[in-house]
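Both complexes below contain chain A, partnered by chain B and then by chain C.
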Partner chain A sequence: MKKYKIIILLALVGTMGVSNALAQTGNEIADKVFNRSAPENGESDMTMALINSKGKERQRFLHQFFKDYGDTEKSTMFFKSPADVKNTSFMNYSYDDDRDDDQWLYLPALKKVKRISGGSKDDYFMGSDFTYEDMEKRNPNKDLHKLLKTETLNGETCYVVESTPKEEGQYSKRVAWVIKDKWIPLKIEFYDEDEELLKILSITEYEKLVGYWIIVTQEMENVQREHKTVIGLTNINIENGIGDTYFTQRAMIKGL
Partner chain B sequence: MNRITSFILKNNIGILVVTLLFTIASIVVMVKNIYLETDLDEYMPKDHPSFTNSDEAEELFDIRDAMVIAIENKEGVYNPTTLQKVKDLTKTLGRMEEIQKSDITSLYTADNIRGSEEGLEIDEFYKKVPTADKKLLSIVDAVTTNDMIHGLIVSEDQTATLIITKIDDEVFTEDFYHSIVDLADSYQGDGDKLYVAGQPIIEGTMAILMPKDMKTMLPIVMVLIVVVLMFVLKSFKATILSMMVVIFSTMWSFGIMAAFSIPIYAVTTLIPVLLIAIGVADGIHMFSHLQLYMTSNKDKTKEEKISNMISEMWKPVVMTSITTAVGFLSLLTSEVYPIKYFAVFAALGVLFAMVLSLVVIPAGTQLFGLPRRTKRSEMKSDTFSKASEWFALNITKYKKAYVVWTVLFVLFFGFGASKVWINSSFLERFPASNPIVQTDAFVNDKFMGTTSINVILEGDEENTFKSPEVLNLAEKMMNETIVKFDQIGGGISLNDFLKRMNKVLNEDREEFNSIPDKSDLVAQYILLYEMSGDPDKLWEVVDEDFKTGNYNFQVKTDNSKTLEDILEHLETYKNDFKALGVDVNFAGSGYTLLLFNNLILEGQIKSLVLSFFIVLILLALMFKSWKVGFIGTIPILITAIISFGVLGWLNIPLETTTALISSIAIGIGIDYAVHFIDRYKINALATSDKELTITKTMSHSGRAISFNAIVVIAGFLVLLVSEFLPNQALGAIVSLNMFTSFFGTVTIMFLVLYITNIYFKKKK
Partner chain C sequence: MKTRIISIVALLFAFSFFIKAQEAEQKLETNGFIRNYMGVLTAPPNKFSINQNTLNLEFKLQTEKFGLYANPYYYQYADQEDVFDIRELYIDLVTDKFDFRIGKQQIVWGQADGVFITDIVSPLDLTDFLLRDFNEIRIGVNAVKVNYYPHNDHNFEMIWVQSFTPSISPQEGSIWQPDMDFMAPPTFDYSNQTRGNIFGNGEFFAKYSLSKSWADIQLIGAYTWDDAPSLHMSPITDPTPGLLIQPEHHRLSLAGMSFNTQIADFILRGEGAYYFGKYWQTTDISANDALIKKDYLNYVVGLDKTVRDWKFSSQFIQKRINGYEKGIYNDEIDNLATLLVSRSLFRETVRLEWFSYHGFNDEDALIRFRGFYYPQDAVSIELGTNIFLGTEGAFGQYNTNDMIYSRIKYSF
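Right, the complex of A and B next:
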C-alpha cells in the first residue's frame, strides 16, 4: 500500500463514478473514499501557514511537482520564501509496499543534498500539524469502520464514519464526515492513543478540475498543541505531463 | 468613657451574645469562602517591570518550572525493566489531567538527533522497549554521544534517568503532590529507586507544609499561653476572658478576609499566632491592674473596680494597639501581595483585640465575677513589688554601668547586623534531613540542576538569531559562565541545536561542533530540523521570528548568593550584546526567586524606617512631647539592632518570615514602652516624688510588662520544635524581640526617663 502521499495535498480525494448511495455501511463508505481516482501528475504553488497558540503566523511559499509511477509516487518541492531558505528543496519517494519513504533535502547554503531518515509516519510534515500519515490514503482494511449517523455539515449531507485501527497506531480512532456522492471527507477528527481529541482536519475549499475533485484549502488544527496549519494551493495544473527529470537530485540542486 | 463602661456593665450579657454571634458569623463565612493560595507567581505585583519582562519571556518560550521524577538504578538504567518504567511513567503522567503530554521530557520522548552516512536522522531512542543486548547497547551509544541528552536526561554515570514534566503553578495541590509521590512509589523495586524533585514540588510542599505546620503548632502555642497566663494571672476567669478576646479577634479578621474572597497565603498563617501573642497583652495589663487595685481597694464594689480598670487602662490599651497596628500597616509599603494582605488583616486583628478587650473583659468580669486571688499569690505579688523596687533602685544606682553595657551591646550587634544577608532559597528552609532536601541533592548531584536562570536575548530585528556573530557571542557567554561556576550544571539553547546539526551534517566531525558560519545555513538547518523533528522543542529556545533567544542555565542550588553571583557575571556581557543591537534580560525560576528576594528586602527596609518614624510621631503626640517620643523608641531601636545583629552573627539569612517579623517587632515592642511611660507619667504627676515614682511604676507596669513578655516568649519558644525552619525562626525571633523590648524598656529606657527628669521639671 502507498504509505505516504505528498500528492494527497493536491488531491486528497477524486471523483468516483457516482454510486447510488442507499444504505451504505461504514466499510462501503471507507472503500469509496479510498478508491476515488486522483490525478496522475501535476504541479502547483503552495502556501503553508503555521499559526501558533498566540495567533502568530509564519508563511512559507513553495512550488511542488508530483507524479504517480504506479508503484512509486514521487514529489519535489521548492521553497520560494522565506528568503533565507529560498531554493531549499525537498524530494519524497513513497512506495506501494511497506517500505519507508525515501526523503532528501537540498540545502543551498551547505550545497549538499542530504537524506532525511524515513522517519516514522507520525512525524510532522515540515513542522506543520499534518503528519505524513495524515496525508496518506489509508487502506480501509487496516481499520474497522462504523457508520455513526448522517448529518448536514456546511450544507452538504455527510456520512459520519468512525474508523478504529485493528492494530495500535498513531491514533486510537478517527471520525470522518464524508460528503455523500463526492466521497470527500469534509472534516476528520483524530483521537490520540488515550482517546482524547488531538486534531481536527477541515476542508474549507474544494473544486472540480479536469474531472477530479481537488482540495484547494485545508486546515489542520492540533487542539492539544493549540497550533494550526493552513495549506492552500494556487496555480494548479494537473495532468500536464510532468517530466521525470523533476524527481532527481540534480533537479533539486538546479532549482526552479 | 465612664458612660460607655456603665453601658457595658449593664448590658454585659447582650454584649457577650453579640460578640459571640459575630464570631459565629465569621466562622460561617470562613468555612464557606476560604482557600489556600500556593502559587508563588500570584505573590508578585503583576505590573512590576522586572516581572512583566520575565513573564513575557516565560510565556514566549514556555519557561515553566519542572517537576522531576528521577529513577536511580545502581546497576545502570539501560535495562528492559527500567526503560519500561520510563515509558510507562511517561505515558501515565501524560494521561493525568493536570499535565499536558507535550510537556513531558524523558528518554522515551526525547529526540535523538544523529548523523547518518548520507544525512540527518531525528527519531526516538526507543519505542518498544528493547530486550536484546545489542539494541540496548545501541541506545547507550546514542545517548552517550549526544550532548543534548547525556547528563541532562540520563546521568553521566548511567545510574539515573529523569522524567521532566513542566507544570503550571496553579495545578499544584496537595492531592496532586500525593498522586505524583504515590505514582513514583508504585514503580519502586527491581533495583530501581524513584525520587520526586523540582522547584514546583519544593514551593508547593512549602506552601502546603507551612500552614499545616502552623495548624499543628497553633493549639500547642495556645495551650502553653493558657498555662502561662494561669501562672501569671492566677485566675481561671481572667485567662479565659483574655483568650476569648484573642480567639474572637482572630476569627473576625479571618472572617472579613474570607468575606472579601482573599485567599490564605503561607505568610497569612502567621497571623493567628501573632495575634494571640499580641492580643493577650491587653488582657494581661488590664487584669494585672485590676488585681493590684483589688488588693489596695478591698472595700470598693465590683462595678467600681471594673470601672477603675477601664478608666486607668483604656488609654495605654488604645495607644499600644494603635502603635502595633501601625507597625503592621507599615508593611503596606511592600510590593508583595501576601505581605500587604498580611499587614491589613493583622492590623485589623489587633484593633479587634483592642475593642474586644475593652468590651468583653469588663462585660465578662461583670457577668462571671472578679478574678479571685489566693492569699499566697498576694504574698507573692508583694515579693514581686519588693523585687521590682530593688531592681529600679539598682538601675538608678549603677547608671553608668547600664549605659556602658547598652552601648557595647548596640555596637556589637550593630556590627553583626551589617553582615545580614538575604536568602530566598526555598530548599534551605527545610531541615537537611527532610526527604525533599535529600532528593533535590540527589538530582542536583547527578544532573544539571533544578533551578533555572534564563538569559533572554532580544534582538532589534527579525532573524537576529540566525546571525553567526550574535550566536557566537552567546556561545562565548554560555561557555565562560558554565566554566566559571561549579554550581551551574549546564544549559540548553539554540546553539546546542545548531552545533549538533552542524556536526552530524558534516559526517559527525568534531570540528563542526560549532556555530555555522553563515546565516542562511542556520536558517536551512532550522528548516531541516523542523522537517525532521519536533519543532515545539525549538520554540523553547528561540522565537519563531528569530528575534529573541532563550539561553538557559541549570543551577544546582537556589541559594540567593550563588544566583546573584551568576547574574552579576551575566550582566558583564550586556555591553557586548548591546553593540550587536541585542538587549539582555532574565527569566526563570532562579531569577524570579531573586527578584522576589530584592522586593522583600526593599519593602522591609522601607517599612522598618516608616514604622519607626510613625511610632515616634504617635508617641510624641500621645505624650505631647518629642522628647518622650524619642525616649520611647529607644527599646525598639535596640530590639531591631539586636534582632538583625543576631541574624548576622549567627549567619542566619533574612528571608520572608524573618524579615517580616523584624519589622513587626517595632509595633509590638513599643507597647512595653507605652505602658511604662504612661504609668510613669501618672505616678510622677500624682506623687511628684521621683523615688516613689520609679518604684511604683516598676512594680505596676514592670509587673504587667514582665507577665506579658513571659507569656509571649513561652508561647513562641514552642515553635522551636516545629519541623519547619521559618516557623522555628519565627519562634526564636519573636521571643528574642520580646525579651529585648521588655528588657530595654525596664532598663535603659527607664534610666533615660529617670535621668532626663521628665514630668518632674515643671514641679521644680
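Right, the complex of A and C next:
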C-alpha cells in the first residue's frame, strides 16, 4: 500500500513510527504520532520543487483531492504544470487490509485511463527525493525504537527517537525529532544500508487548521546526491465534504 | 488550400471572441506545442522520410456545466503541401448524470496499445504508417456523444457519428504506400468510395463501462462502416486488357469487450471483438468482384509490469477468420505480438524506450528504439530509429524504409 496522498497533506507523520524504547514514554510517542488525528477529506494545491546541487530548480504544480472512506482511502491528483504533463491525472485507492493499491493514470495525449501497476516502495516519486515508502503511513510495529534524548530544535522541545526496521528495508535506520505535545516529526534523518546519512527531512512550516496540525512546507535533502525536494501546500481546504465524484475515471478525464 | 486556411482562421477568431466574452467568468486555457521532426532513411541516398514543423494549439474553456475545446494544427513540410486543419472542435454540456459532447472529436476506446480492435470510433490517418503519435493518427469525427452515469462506477456511452469518415491511406508515391500486386494491369475507379454526406450513412456506437477496484470492464457494440475500402475487381478489355478496381466501403457490425485488472504486481488487460460480415479479398474465381464476406474475431491479451524504474509491457494479438475458405488472400489466423520496455533515468530527465511489433505469419517486425531527453520542463529532445525486419507482411513490406529521426518539441 502506498498511502501517500493523505500523507502528502499531513506529511510523513508515520515515517519514524516511534514506540517502546524508554518504557511507557516511547509507546506513548509512537501511539500519538501514528494516531495523530487527521482530516477525513480535503484538497489543496501542491508545489514540488526539485533542486539540484547547482541550484537549478524544476517545479511541478498539482491539485490533489483525498477522502478517507474508513477501509479505503481515495485520492486524485491533477497535474497543472509543466505544460507537457498538464491535465495528466492520477487516481489511487489504498486499502487498510493487505491488498495492493489500485492506481489509474490518465494521459491526455492518449485520451485513455490506464490501470497501472505500482512500482517498488523504494522508487522515487515523480523524480523527487521522496520514495513511495517515505510517504507511507508506516506502522510503528515494523521498527524497533530507541528514545535517545530530549532536545530543542527550532524553538520546539523534541523527543529524539532512533527507529531500526525489524526487516531489511531501504533504510538501515531513521532518527526523528518529534515535537512534544504536537506529535509532528520536525526533522527525520534517513540512513542507508551502510549506515551512512542519506537524506534529511525538515518540516519548515506547519499550522493548525480546523483542529488538525497540517504540515505546509517540507524539504527532503539527499545529502549524498546533493539534491533536494521542497513540497509546499497552498489553498488547503479540509473537512469540506469532497464529493465521491472526484474519485472516478470521469473526473480524471474531465480534469479540473 | 488558401480558402481552407482563411476559413479556419476566421473560425478561430470567432471562437476567440466568444471565449473573450466568457473570460470574465472562467479563464481560457491555451496550450500547445511547436515541434521539429526530421527523419532520414538509412539506405543510400539517405532521403528524408519526413521533414516537418508542427504547430499544435489547444483552446479550452470549462465551467462547471459547460465546456468548449478547439485543437487546430498546422503541419509545415519542406517537400510537400502543408496541412492546416482542426483535429477537434466541440462543445461539452455537463449535468450530474449526463455528459454531452457535440462536434468534431477524437474518441478512444479499448485497452490495447498500438493496435486497434475495439478502438474503432475514430478512423486512422496512416499517411506516415503507424509512426505518428497516436493522438495524431486518430482522425476526429463529427459526432454526438452522450455519457450517462447512473452510478460513479457505471457509464453508458452512446455515439452517433453523423457521416462516415474513412481512414486516410498513404498518398500515391509515398514510401508508406502498401505493396499491391495485381494479376493484370489495374485501372482504379474511385466513384463508389465516397459514401456521401447523407443522414442514413451515419455510424452508431454503444459502450457500457464498469469500473471497480478489482477490474475495469467495457462491453461494446457498433454499427459502422469498414474504415478500409474493399477492392471490387472485375476484368476489363477496354482500352486494354486488365483489371478494373473499384474501392468501396461496406457496412460492418461488431460486438466486443475489454477489461483490465491487477494480479499481484501485474496488470492484465485485454480486448476482443467479433466483426460481422467483412469483405475479404479472394482469388476464388467464382467470387463476385473477387470478394467474399466472412466474420472474424480479433483479440489482444496484454501484461504490464513495473520493476523499479523499468516498465515492461507485452501484448499478443490474434485475428481469426470464421468459416475460412481457400483462396482468401489473408491467412486464416494471423498472430502478432508487441513488446514495450522503457526506463527513466536521472530523475526522469532521460527516458529510453523500446517498442516493437512482431508478426508471426510473415516473420516481420517493426522495432522502434528511442531516447528522450528533457533538458528543462516542457522541452523534449527525442532521437530514435525505426527498423523494419522481414520482406513481406504489414512491416516487412517496408524493409527499405529503415530510418533514424529526431523530434524536438516545446510545449506551452
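Keep this in mind: the second predicted complex is superposed on the first by the 233 of 256 C-alpha atoms of A that agree within 3 Å, B and C clash if a C-alpha of one lies under 4 Å from a C-alpha of the other, contacts with A are read in each partner's own complex, and residues count from 1 in each chain.
Following the convention adopted for this analysis, contacts are C-beta pairs under 8 Å (C-beta built on N, C-alpha and C of every residue); 3 or more make two chains touch, one makes a residue touch a chain.
Since the model is a prediction, treat every value here as computed from it, not as a measurement.
Superposition note: with chain A as the common reference, chain B and chain C are in steric clash. In the superposed pair of complexes, A:Glu168 makes contact with neither chain B nor chain C. In the superposed model, A:Thr88 makes contact with chain B only, not with chain C. Once the two complexes are overlaid on the shared chain, A:Thr245 sits against chain C while remaining clear of chain B. In the superposed model, A:Arg58 makes contact with both chain B and chain C.
In the superposed pair of complexes, A:Asp71 makes contact with neither chain B nor chain C. Judged by the touch definition given at the top, the superposed model places A:Leu110 against both chain B and chain C. Of the two partner chains placed around the shared chain by superposition, chain C is the only one that A:Asp102 touches, whereas chain B remains out of contact. The clashing stretch of chain B relative to chain C, chosen from 151-159, 241-249, 493-501 or 691-699, is 493-501 in the chain A superposition. In the superposition on chain A, the residues of chain A contacted by chain B and by chain C overlap at 50, 58, 82, 84, 109-110, 112, 114-117, 119-120, 123-124, 126-127. Across the complex, chain A is touched by residues 94-95, 100-102, 116, 118-123, 127, 463, 466, 505, 516, 518-525, 527-528, 530-532, 534-536, 539, 544 of chain B. Within the complex formed with chain A, the residues of chain C that make contact are 31, 33, 62, 94, 99, 106-108, 111, 133-135, 147, 149, 152-153, 155, 209, 211, 213, 216, 260-262, 264-267, 269, 304-309, 344, 347-349, 376-378, 380, 409, 411-412. Chain A makes touch with chain B in their complex at residues 50, 52, 56, 58, 79, 82, 84-85, 88, 90, 104-105, 107-110, 112, 114-117, 119-120, 123-127, 192, 194, 224-225.
Remark: chain A residues 50, 58-59, 72, 81-84, 86, 93, 100, 102, 109-120, 122-124, 126-128, 227, 244-245, 247-250, 254-255 touch chain C in the complex.
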